[in-house]
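Take a look at the structures listed below.
Paired with chain B in one complex and with chain C in the other, chain A is shared by the two complexes that follow.
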Partner chain A sequence: MKRVRFSQQEIVFAVFALLFAVFSIFLPGFLSPDNMLTLLQNVAVLGILGLAMAIVVIGRGIDISLIAALAVPSGLVLQMVQNGHSLTAALAAAVLFTICFGLVNGWLIAYAEVPSLFATLATGIFVAGLGQAALFQLDVVQWSDGMAGFERLGQGTIFGVPTSIVMFAVACVVVALLLRQTRWGAYIYAIGDNPYAARVTGIPSRPIVVLQYVLASLIGCFAGLVMAASVNSMPTRIFNSTLIYDVILVVVLGGIGLSGGRGGVVNVVIGTLLIGTMLNGMTILDVPYAGQNLIKGVVLLAAVITDSFLNPRNEETAQQGDI
Partner chain B sequence: MRDALTRLRYRYWPDHLLGEILSKRWTETAIPVIVLILVAFALSRSIDHFLSPSSLADTARQAGEIGFIGLGMALVVIVGGIDLSVGSMFALTDFCALYTLDVLGWPVPAVIAATLICGALLGAVNGVLIGYLRLRAFITTLITLIIYRSAFDLLIQRHSNEIAAAFPDIPSWNFVGGGDLFGIPSVALVYLVIAVFGHIFMTRLRPGWHITAIGGSRRSAYNSGIPVRRTIALCYVASGVLTSLGALFFAARLGTVGGDIGVGLEVIVLTATVLGGITLGGGKGSVAKSLVGVLIVLLITNGLTTLNARGGINRVALATILLAAAMVDIRWQKNRARIISKVYVAPTYHELPPPPPTEIGEGGPFEQNDKLRDVTLIGLGRIEAPEDVILDRNDVLYAGSRHGDIMRFFPPDYERMEVFAHIGGQPLGMAFDRQDNLYVCIGGMGLYRITPDGTVEKATDETNRSLHSVNDDSRLRLADDLDITDDGLIFFSEATVRYEMDEWPIDGLEARGNGRIICYDTNKGTTHTALRGLKFPNGICVASDGQSILFAETFGCSIKRYWFAGPKKGAVEVVMDNLPGYPDNINLASDGNYWLALVGMRSPALDLAWKMPGFRRRMAKRVPVDEWLFPNINTGCVVKFNEQGKILESFWDLKGLNHPMITSMREHRGYLYLGGISNNRIGRYKLAGADPDFVQYDKRWGRRS
Partner chain C sequence: MSDIILSLSGATKLYAGVPAIEDVDFDLRRGEIHALVGENGAGKSTLTKVMAGVVALTSGTMTVDGVVVAPKTPLEARNLGIGMVFQENSLVPTMTVAQNLYLGQEKFYNRLRGIYIAAQQFLQSLNFDVTPTVTVGALGAAKKQMVEIARAVLHRAKVIIFDEPTATLTPEEKKYFFDLVRDLKKRGVSIVFISHALEEALLLADRITVLRDGKRVVTDDAARFDRARIVQAMVGRDLSNTLYGARKATARPAGARVLTVQNLKMAPMVKNNSLSVFAGQITGVFGLVGAGRTETFKIVAGVLKRDFFHGGEILLHDKPVRFRVPAPAVKAGVAYVTEDRKVEGFFETASIARNIYLGLLAKFPKGRWLLSKRETNTVGTGWIERLKVRAISDEAKVVELSGGNQQKVVIAKSLIQQPELIIFDEPTRGVDVGAIVEIHELINRLADEGKAVVVISSYLPEIMALSDRILVSRQGKVVEEFSALEATEEKIMYAAIH
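And now, the complex of A and B:
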C-alpha cells in the first residue's frame, strides 16, 4: 500500500487555491484585473520581507527588527534628500546604516550569544527609537523633488507587469541563487540544520550568522525603498504596526520550519500568495483592522501549532533556554 | 625594603575575598542593587523633589502595578520561558475590571474576582500552548500578544464610551486605587504581601523548587519525576493572574480605557526582569531581583519623562539597557566559573629562612640515611592511600583507603585483610578513645566515629560560623588529623577552609593561614573552633603534660603547642620552626618523645616563589594547573623530636623504593608502622631498643584487662 502524503507547501498551496476559488466565486470584484494587480502590489513588499526573514529562519534564527530595517534606512534616504543631500549620497548613507545595523544584530547573536528573538526585538526598538528621536522630523517622511525618478522602483510597469512585482521577482531570483547555488547558502542550511555539527565540521558559523542578518537587513532596506517609491512617502510609524507578524506568517505558512534548515524561496512565494489573498479578501469583506489582526493572529497560531507537529524541535540540538 | 612593602601589602590586603565574594550567589543580586542606588542618587541630584514623600508614593503606586507583572514575568523566565503577552493581558483585564464595574455594575469583590479569573484564563491559553503543546514561548506569546491586543481593540471600539461616561464613587474601589495605610499606598502593601509569599514560595516550598529545577534543566527535571508540563502551564497562569492584579490597581487608580494601555509594557517588564539579574533561559532568579529591576527601570523611565526627553529617546534608552543587561548576564553565566577560578587563587607572602641541611656529610639531625630500607611491607598492592595507620590494644592494624573504607589487618603477620567499615569519604587521621571507639577525620565529610562492632556514626560535621568570613566556614571541608584528650575533648585540624580535599596543593600555593583547629567535646556533643588562621594545620598529638596539644603546620614548616587547659590556657607557642620539609602527623613514641612525619621536603624554588606572591598569582592565571609550581611530596622522612623541640633522630629511605613519602607513623610494641597518602602499602619497621610492650593507649590510659 502506498500512502499518499502531502508536504506542507502542497497543503498550503491547496488551501490558497481553495481560498482563491471561494473568494472568486463569492466576492464580487475579487477576480477583476484591477483587484488582482492591487493584491499583487500589496503583497510584493511583504514578499520581499518574507525573503529576508526566510534567510534568517533557515539559519535557525528570527529577525524581529526587519520592520525597523524597512522603515528607518528608507526614511533616512527621504529625509536626507529633503534636507538637500544628493540621492546618491543619501542611498549610500542608508546602505551603510543598514549594513551596520545588520552587523550589530549579527554580532549580538553570533558572538555575544544573545538569543536572536531577544536581540532583534531590542535592536528593532533601538533603531525605531533612534529614528523617532534623532533622524526624522515628522512621523511620515515626505517625498521631495530630489527623489524624482526614484519612484519608478515602485510604480509603473515593466513589460506590462507592475514594477513592485518585478522587484519581488528579482529579489526571489537573487535569494534563490544565493541559497541554492553558493557555498554560503549551503552553510546557512547546515547551520540551521544543526549548529553544533556545522561548527564541528569547520564551517565558519559565526561569520555566516552575521552574514544572514546583514543580508536580512539589506533586503529589508530594499523592501522599504520599494515601499517608499510606491506610496511616495515613508510612514515610519509602520514600526508600530503588525507587519512583522504578517512576515512571520508568510514564512511559517509557506513551510519554512522555525527550527531551521528547511524550505526555500518557493515556500516564501506560496506563503505570500496565501496571505495576500487572505488580506485582500478581508479588505473586500470590510473586516475592521482589529478584526483582521485577530484573524491573522489565530491563523498564525494555528500555523505555529501545525509547524510544531510537522517539524518538532530537535531536543538534542535545541539549546537549554532556547526560548 | 621592597620585601617589607610586599609583606605588608599581602598581610593586610584581603586578596582572597574577591574570589570568595564572586562565588557567592548573592553577588548576582548585589550588582543590580548597586545600580539601583546609583540611578536613584543620580536622579535625585538632577531632579528636584525626586525623593519627596508624594513623589515617592506616586512611584510606589506605579512600581506596585508594574511590580506584579514583573513577578509574573520573573516566574515565567525562571521556568525557562518568556511572556510577551503581558501588555495585552494588562489591557484586556483592565477593560474587564472597568466593564464589569461601570457597565455591568457588579459589586467590587465580584469585579476583583472576575478580573483575576479573566487574567487566569488568558494566562491559561499561553500555558496550554507552551506547557502542554510545547510551542516556543517567545513566538507563542508574541502571537497571543497580537490576538489579545486586537480583541481589546475590538472591545473598546464598542464599549469605551459607556466606560468613559460612568463615574463610580465606591469607597472600597477608591481605596484600591488611591488609599493608603500608615502612608503606604494600598498597592504597595498588597505587593509586599505577595512578594514575601513569593519569596517563601520560591525558596522554601516544593513547587517553587520544581520551577527552578525545570528552568535549570528541563530534561533532568522530567527525568526526576517533576510534572514539567503542568508546572510550566501553571506558571503562565500565574503570570496572567499577577498581570490582572496589576491591571486591577491600575483600573482603580485611573479608571480609563485608552487604546494604548499596556502597549510596550512587555518590553519595560522584560527589561526590568533582565536588569534585575533574572537569567534568560531560566533556572535563576528571585523576588528581590525582580523588585530591584522594576525599580531601576521605573526610575529611569520616570526620570526621562520628567526631564522632557522625546518619546524616541525613551525607547532607545530602554532598548540599550535591555541589550546591555542581557549581554552582561549571558556572558557572566557562561564565564562565571572560569572567572572565579581565575581570581579565586590568591597567593600571599610567606617567608622562610634557608632550611637546615639534609645532605649526607653535612651532619645535623636531618642527615639522610638508609634506615627505612629494611621495612617489611604490609598489604602491598592491596591497600590504597593509607594516610594514617593505627593499632588497637589487640594489635590489629587499621588504615584508611582511597575508596572510602577503613581496612584492617590481623596479627601476627598482617596478611589477612578485611573491610572494617565503609564510610564513603577518604579517611585521614584516626584515633581511639577510652571505649575503643575509632574516631576518624574524613576529608570532605567531617569527624566520624566507628564503634568496635563496625557501626559508623557521625560525630560532627560543622562548627561555629566565624563572623568575618565570606565563605561559609561552618561546614568542615578538610578535617585532617585528630587526638583525644584525657577528658574526652577531641582536637582535630581542618587543613583549609578555602579548598576541597582534591585541591589541597592549591592551598600550599596560596600559603595563607586558611586552616584551623577545632575542638569536639564528646561529653556535650558540641563543636567549636579553637584556633584559626593556621597554615595547613595537619598532625595533632596530645602532649605528655595532658594540658596541651602539639600540632604541625604543614606549609608553615613548624610545630606549635597549644594549651587547652592549665595555667597557660589558650596560649600558642612555637616548638620547632624552619623544618627542612612539610610536617604531617605527630604521634607518641615509647620513650616519651614524639614521632613526626615529613611528607615532602622543601625546595629552593618554592621557597623563593613563596616570597613572590605576584609571581604565583600570574602563574595561577596563565599556566594550566598541571604545570603549576606545587610543594614537592615525592620524598620525605620520619623524625623523632623531644618536648623541647630538638630533633633526635631521622629515618630515610634513600633509594625511595619502599616509602618515598610518609604521612604518618605509629609506634606499637617495638615496631614503627608507616603510612602514606599516595602509597599502596604499609611499612613495618623494627625499632632498635624500643620498648617491646609499648601500646599507645595502654600508656596513656592504663592497661585494660
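And now, the complex of A and C:
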C-alpha cells in the first residue's frame, strides 16, 4: 500500500499557482507590467531576508533582529555619504558594523547560551535604537549625490530582468551553494538536526552558530542596500513595521521546519512567491491593513495544520525503530 | 470464572502493510507473572501496546475475562482493568506524588489536603515507602516507578504491563522492584513484562513467551527454560557460546599508556578519580548507576561542560590535556560513543552515509571545503558493508533503522575519525542479540589493531566477556582493578557494592 504524499512545498507551490491564476483572471491590473514590477520588487527584499532567516532557522535558531540589520547599516551608508564620506568608506563601515552585530548575536547565543529569540529581540531593539539616537539625523535617510550610481543595485534591469530580482537570484544561488555544497552548510544542517550529536561528533558547533548569525546579518544588510537603492532612501522606521513577521511567514510557509535541519533555498523561494502574490493581490483589492493581518494569520495556521495532517508525528511514526 | 484473564488469538498488526506482529496467540493467567522476551523488532512492544489500547489490531481478537473487547484508547483499556507502565515515565515531574496519583480524577473543588491524606493511606496500604507531598521530579527512578505502579493499582488494574521496567534501576532498586511485583501477584494482579535481561525473566516470571520476527516462538513455564534455550528461541540459532559466552582464556597485554587520569574531581559525581588506559587492550569499567563512570570519561572526551571541572589532571600520551568541548578531543584522537544514541548519537534527518561523512568532516576538515557526493557514497557503502549495517539503502534515514543498526552507524561515525582512544559507553544498550555479537567482535578487533579501548557497562556478563582488564568504579572513583583472568562476577560485584 503506497500512499502519495505531497510535501508542504508542493502544496504551497500549488496554492501559489492557483492564487496567481485567480488574481490574473479576476483582478484588473494584476498582470500589468507595472504591477508585476512592484510585486517582484517587494518580493525581492522579502526573499533576501527570508534567505537570511532560513540559515538560522535551519540551524535551529531564529533571528528577530534581521530588520535592524536591514535598516541600520544601509541607513549608515546613506548618512555617511550625506555627511561627506566616500561611498567606499561608508560601505566598509557598514559591513564592519554588520559583522560586529552578527558576532554579538552569535556570541550571545553560542557562548552565553541565551535563547536566540531573546538574544536577537534585545540586540535588534538596541541596534535600531542606536541608529535612531546616534547615527541618523532624520527617520528617513535621504539619497545624496555621493551615492550616484549605487541606485543601480535596486533599479533598472539586467538583461531585461529588474535588478532587484537579479539580486534575489544571486543571493539564492550563493546561499544554496553555501548550504548544500560546503562543509559549513553540512555543519549548519547537522547542528539544526541534533546539536548534541553535532557537538559529540567534534563539529565546532559554537563557531558555526556564530557564523550563522554573521551571515544572516550580512544578508540582511544586503537586503537593506537593495531596498535603499530601489527607493532612493532608507526609511529606518521600517524596524517598527511587521516586516519580520512576513519574513518568518515566508520561511515557515515555505516548509522550513522551526525545529531545524530541514528545508533549503527552494522553500524560501516558494514561500516568498506565495506571500508576495498574496500581499500584492490584497493591496490591489484594497484590503484594509487589519484584514491583511487576519488573512496572513489564517494562512499561517492553515500551513501548520496541513503539515501536521500530512506528516503526522504520532507514536507510530515516531517509533519506527522499535516495533 | 475462568483461569485466563486476558487472551489474544490470531493477533496481527500491520504498519503500512508490514506486520509488526503476525498471528500471535497469547494468554495471561490470573495472578501470574508473564515475561515477554525477543530481539528488538520482534514485536514485544506492539503486543503490549495492543493490550494497553495504544494501538488497535489489524485482525485477530482480544478477550478480557472471556469477553471479546477491542480497546481503542489507553483509557478504554484502563476501564477494562489493564494498566501499562511505560519505559518513559508518564508522570508530571513538577507535581507531587499525590497529585500525580489522582491526576485526571480531580473533583471540581480540589482540596490538596484531601488527596494527600488519601494518597498517604493508599501508599501505606501498598507498603510503598513514598511521601505523597514530594514532587515527582525529585524522586529516583525506582520511586517514580513505584508511583506509576501505585497509580495502576489505584485505577483497579487487574493486569499491569511493564515495558522494560528494570532498564533504569540499580541492582538494589531492581531487587525492591521484584518484591513489589511479587506482592502485586499475591494481590491477584496479573503482570506482563518486557525484558532484555534474560536473568530477570528467568528469576521473576512464572511463564515466558519468546517472540521472533513478529511471531510467537514458544510459551512455557519459566522453570523449563534456561538461558541457552531462551537465546536459541530468540535468535533461532545457537548463540549461547558467543554471546557473553565462554570466559576469556587469555588477556591481551598492556601496550603503551594512552590515558592517565589523576585525582579528577567533579562534584557531585566524580571524587578524586584516578585510572589509566593502555593501548592494544580493552579496559572494562564496571559500576552501578551513579558510580561516576560516564561522567569521568565524558570529562576526558570534553563532552561535559567545562564548569563541572573541579580539579585533577588528564594526560593523553603522557601530555596534560584539558578538553573543554569535544571538538579538540576528537582532533586529538579521542572518540566517545554515547550511551544515549537518540539524544546525542546520530542525525535523524540525514542519511546513513551523511551521518558517517559528518564524522569524517569533523576530524579531517582539511581540503574538504566543498562536500563530495562521491566521497559520501564511498564512505557510506564502505562502512555499511564493514559493520554489516542492515538497511534498505545507504540513503535510508538513520531514525528508520533498528536499535542495533543505529548503534553501528554511531560507531562508524566515530571510527572513521581513526581514534587512538575509543570510549564505548554501554555499547549494546537497546541492541538486539545478533547485533550484540557483531558489535563485540568489532570492539575486539579494535583492540587487536592496537587501539586503546574503554568499555563502560553496567552489565557484568558484557564486562566479563570483553575486558582484558577490569576497573570497578564506586561512588565517583575507581576502587579496584582486576585482570580478566583473576576476575569473577562475585569479586567484581562485591567491589562495586561494598
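To be clear about the criterion, the second predicted complex is superposed on the first by the 299 of 323 C-alpha atoms of A that agree within 3 Å, B and C clash if a C-alpha of one lies under 4 Å from a C-alpha of the other, contacts with A are read in each partner's own complex, and residues count from 1 in each chain.
Criterion: a contact is a pair of C-beta atoms (placed from the backbone, for glycine too) under 8 Å apart; a residue touches a chain by one contact, two chains touch by 3 or more.
None of the values given here were measured: they were computed from a predicted structure.
Visitor: Check the residue A:296 against both partner chains and state whether it touches chain B (first), chain C (second), both, or neither.
Guide: first
Visitor: Kindly classify A:134 by the partners it touches after superposition: chain B alone (first), chain C alone (second), both, or neither?
Guide: A:134 sits against chain B, while chain C stays out of touch.
Visitor: Using the touch criterion from the header, give the chain among chain B and chain C with more contacted residues in chain A.
Guide: The partner that reaches more residues of chain A in the superposed model: B.
Visitor: Answer with first, second, both or neither: which of chain B and chain C does A:114 touch in the superposed model?
Guide: In the superposition, A:114 touches chain B alone.
Visitor: Would you sort A:203 into first (chain B), second (chain C), both or neither based on which partner it touches?
Guide: second
Visitor: Answer with first, second, both or neither: which of chain B and chain C does A:193 touch in the superposed model?
Guide: After superposition on chain A, A:193 lies in contact with chain C alone.
Visitor: Could you tell me if A:242 is touching chain B, chain C, both of them or neither one (first, second, both, neither)?
Guide: After superposing on A, A:242 lies in contact with chain B but is clear of chain C.
Visitor: If you lay the two complexes on top of each other, which residues of chain A touch chain B in one and chain C in the other?
Guide: 315, 319-323
Visitor: Tell me, which parts of chain C touch chain A in their complex?
Guide: These residues of chain C touch chain A: 15-17, 20, 40-41, 43, 45-46, 54-55, 214, 301, 303, 325-327, 329-331, 336, 338, 343-350, 354, 357-359, 361-363, 365, 368-371, 399-403, 406, 413, 417.
Visitor: In the complex, go through chain A and note every residue touching chain B.
Guide: My answer: residues 62, 108, 112-115, 117-119, 121-123, 125-126, 128-134, 240, 242, 245, 248, 258, 288-294, 296-298, 300-301, 304-305, 308, 313, 315, 319-323.
Visitor: Where on chain B does chain A make contact in their complex?
Guide: Residues of chain B touching chain A: 80-82, 129, 133-140, 142-144, 146-147, 149-151, 153-154, 157, 215, 217-219, 263, 267, 279-283, 310-320, 322-323, 326-327, 330-331, 334.
Visitor: Can you tell me which positions in chain A touch chain C when the two form their complex?
Guide: 1, 180-183, 185-187, 189-190, 193-194, 196-206, 261-262, 315-316, 319-323
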